[in-house]
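Chain nomenclature is as follows: A, B, C, D, E, F, G and H, assigned in order of appearance, with residue numbering initiated at 1 for each chain independently.
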Amino acid sequence: MADVAIIAGSASDEHIVEKARAVLKENNVLFDYAVLSAHRNPDELDEYVNSSDAKVFICIAGLSAALPGVVASRTKKPVIGVPVSGTLGGLDALLSIVQMPRGVPVACVGIDNGANAAHLALKILKALETE
Amino acid sequence: MADVAIIAGSASDEHIVEKARAVLKENNVLFDYAVLSAHRNPDELDEYVNSSDAKVFICIAGLSAALPGVVASRTKKPVIGVPVSGTLGGLDALLSIVQMPRGVPVACVGIDNGANAAHLALKILKALETE
Amino acid sequence: MADVAIIAGSASDEHIVEKARAVLKENNVLFDYAVLSAHRNPDELDEYVNSSDAKVFICIAGLSAALPGVVASRTKKPVIGVPVSGTLGGLDALLSIVQMPRGVPVACVGIDNGANAAHLALKILKALETE
Amino acid sequence: MADVAIIAGSASDEHIVEKARAVLKENNVLFDYAVLSAHRNPDELDEYVNSSDAKVFICIAGLSAALPGVVASRTKKPVIGVPVSGTLGGLDALLSIVQMPRGVPVACVGIDNGANAAHLALKILKALETE
Amino acid sequence: MADVAIIAGSASDEHIVEKARAVLKENNVLFDYAVLSAHRNPDELDEYVNSSDAKVFICIAGLSAALPGVVASRTKKPVIGVPVSGTLGGLDALLSIVQMPRGVPVACVGIDNGANAAHLALKILKALETE
Amino acid sequence: MADVAIIAGSASDEHIVEKARAVLKENNVLFDYAVLSAHRNPDELDEYVNSSDAKVFICIAGLSAALPGVVASRTKKPVIGVPVSGTLGGLDALLSIVQMPRGVPVACVGIDNGANAAHLALKILKALETE
Amino acid sequence: MADVAIIAGSASDEHIVEKARAVLKENNVLFDYAVLSAHRNPDELDEYVNSSDAKVFICIAGLSAALPGVVASRTKKPVIGVPVSGTLGGLDALLSIVQMPRGVPVACVGIDNGANAAHLALKILKALETE
Amino acid sequence: MADVAIIAGSASDEHIVEKARAVLKENNVLFDYAVLSAHRNPDELDEYVNSSDAKVFICIAGLSAALPGVVASRTKKPVIGVPVSGTLGGLDALLSIVQMPRGVPVACVGIDNGANAAHLALKILKALETE
């Protein structure tokens, strides 16, 4: 039983994933972690999202970062996206994650800022607790 | 008693606010609305944020859009930011909203995309309900 | 029986779709056309792609343009992507389409350049004919 | 009694702060220095600004650099902002600092250019002396 | 006897100049105004700057906006620069004005924000008065 | 007899060429390779393109990357372009390759993504086989 | 006998061409004018360049503006490039024209600035006269 | 007696100056070289430009690169500008150099491309010889 599910688009995003994990651990939040590409593992990704009981998803991806948007289109739960920097400094992933079409929102945080994705997840979970 | 508080940084952001309001109304969500600049009305803003019982904040601002970040630094609740476009197509507001420092996250949605801010607020509120 | 399948991410992309259609008609190429969002209609999109006998796909999308990449991850056929311009002049859609991860290529053409997507499809089809 | 107050948004901006300090020292200008984030220490920041007798403020910050604007909204004295570079080369901090709304100006200098912030402060202080 | 000297690089910048003038008039500040290009009228510009008794300069320019920097290199007084937008949304003028070399600072305000240039000049003049 | 012709604009693009070659070798595709600049070797380039029996061209170039477009203007076969990154992170080469005029399409893949150029060539060749 | 040859990449660049022509006419410089695309009319372009007795070339093009570079690779005479603006404000054409590889220089002037191309040609022709 | 005058805005541009010098030496062109900032040494710069008998100027500068434009405003001879890269990859210097106002052209070459400045100067000098 995990409250947060972290999905990275590629094993090379591990250094950003680690920042999110550290914040969640510090705050004793249970989480799952998987490396699943929206483009290379679409079916496994669907299955992972559908079978997860997490309350919030954190999706970490670089380049044409479709992962957060694809997850957001498959779940009713809030999805947080973290753009990962590359040769364009992360501008490509930032725009890919944040410029979602009407009706399928992603909550985008700063470039390479895995820690803030975890802090945002914490804020949402705390709101749940105080209900 | 409002579930969502919408704050616009300027009366000129009204056309984007309207997109958020329309989605919230359609979904029968109660909301408050205020025009308060982080730079021109800092004390009124503090008071508004502290006295609000909203579960989620939506902050809509253009240019050097400090509003969402300032609200995020004053509340433990989730804050959603909407960048408003100007001569740079909204890139200035987007970067000002999304590139928050570690520990003070803002959930940024797309440029001028007031509708998605409301949809994201709905996702968070629904998560609360299903608790 | 269509040789080319055109998919637009939104009905608002129609003016770019028309440029592609005009070139295909001029060259007597049979084509199908559907409006299907990668984010709002993922299942219909999968079904459309899987049941199509087109030899080439043209995907037209703006903002966080995940459509071409999602189609490319679902078919072994060549996928051509057309970025549609918005407040950022199309830079968002361009980067979302072209910066695909290793192994899932999209053939990106210029911003709003529906005509060139059709011309590229024609080049690929002509290569097939000369086999 | 300091003529200039230097505020950095983060301890990691120290290398840029040092450039400003060196110029002020060379010119025998008295200055205070504090590390206070607009987002993480809003109340301490308010207190620091209100209790300062500096004639000019220099605010140094990266990312979504709200610090100079927040200080400018809290004082009637001139505020100089220095954007600090990160993965986007400082474009994010530059736009966050310079694109202030009407009525709350910040005097922005170049990216990572702590020296010029000090030189600008000197020009303002010299104008005071010649009165 | 003017406290502020406004210089525009081109007669086509008049709409931005007007925003600065309106703020200065409202605040009963005396000002001079000249249209002098750093590139087309370098000698007249030198003479104007040297013979002026203004305490602050406001320089308004678009494109490769060398005007504020050239004035800053000719006077010991504070120089405020206003970038004017064109086909690149003002990014060209912004970078030309703000990225000054060490030792020759310009106080840059927002794109097309003539009002804030005047507000910044007012802050500097008020600091003088309270001496 | 090669199915794919790889052309690099400069010997310094070798590290990106290698990524394309590796994918083609893994898939047992025969290919030719030449270093020919559109600007420095225009006649040799024409000759190489005209005498080639390749079914698909892969053109790899940085800076003002005219190579893919020039090849596309000289052949009826599909041309794939790979932008190579430099001080601007590859934005210059990307825009030079993708923004082709109507009627002369280039299939652009991601910055430095030689592997995807090869994967796209494979998709086109497989389409040929299944005819 | 023309001293300057103006080449536009497309008939749609006519409004920029007119700015160059006006300056040349005012200064009584003889010039030729042709519309020839580097991509659509490569052979006519070669012939035009080789048979011209102009001392300076002015090449005007938008998008992936290969024209100036291709002309520069075909002649030993100085080539001036003018980027024409589109959805990206001319950044695409600017980078395509200015970022030429070592050994094949183009003299790039400002976006849409046909007048300055003519003024630069005049400076070069005057240098010739004073020999 | 030098045919080309090279001016660098700062001693830190030396590595780009060297590229220009190497090409001029290889081609036996006589040249002068000075380090003079448009902002820090305006009078020495004027004097240097006015007293020079060079036929072409090459001006190399980074950041808010006013040098080429200031020289162009002081001489009737052709001026070539070379943008030097910094935290923004040279985009600041490129726009500062190329976006000159009507009537004062600068011939801009690629970022850090001192070699092409020399090659362009050679093309202009050869045109002079063949007169």
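The rule is short, and it goes like this: a contact is a pair of C-beta atoms (placed from the backbone, for glycine too) under 8 Å apart; a residue touches a chain by one contact, two chains touch by 3 or more.
Going by UniProt, the chains are A, B, C, D, E, F, G, H = N5-carboxyaminoimidazole ribonucleotide mutase.
Given the structure is predicted, the values throughout are model-derived calculations rather than measurements.
Student: Quick one: which chains contact chain E and chain H both?
Tutor: Touching chain E as well as chain H, we find D, G.
Student: Of the pairs given as A-B, E-H or B-C, which one copies D-E, with over half of its contacts the same by residue number?
Tutor: A-B
Student: Can we say the copies chain B and chain C touch using the same residue numbers, with more than half in common, or are the two sides different?
Tutor: Chain B and chain C contact each other through largely non-matching residue numbers.
Student: So the centre of each chain is just the mean of its C-alpha atoms; given that, what is the distance between chain D and chain G in Å?
Tutor: 46
Student: How many angstrom lie between the CA centroids of chain D and chain H, rounded to a whole number?
Tutor: Distance between chain centres, rounded to whole Å: 35 Å.
Student: Residues of chain E that contact two or more other chains, please.
Tutor: Where chain E meets two or more other chains at a single residue, that happens at 63-64, 86, 88-89, 91, 98-100, 103-104, 110-111.
Student: According to the definition of touch, which chains form touching pairs?
Tutor: A-B, A-C, A-D, A-F, B-C, B-D, B-E, C-F, C-G, D-E, D-H, E-G, E-H, F-G, F-H, G-H
Student: List the residues on chain A that touch chain D in their complex, please.
Tutor: Those residues of chain A that touch chain D are 85, 89-91, 110-112.
Student: Can you list the residues on chain D that touch chain E in the complex?
Tutor: Chain D reaches chain E through residues 55-56, 76-78, 80, 94, 98-100, 102-111, 113, 115-117, 119-120, 123-124, 126-128, 131.
Student: What residues of chain E sit close enough to touch chain H in their complex?
Tutor: Residue positions touching the partner: 9-10, 37-40, 42, 63-64, 66, 69-70, 72-74, 86, 88, 91-93, 95-101, 103-104.
Student: With touch defined as at the start, can you tell me which chain D residues reach chain A in the complex?
Tutor: 63-64, 86-89
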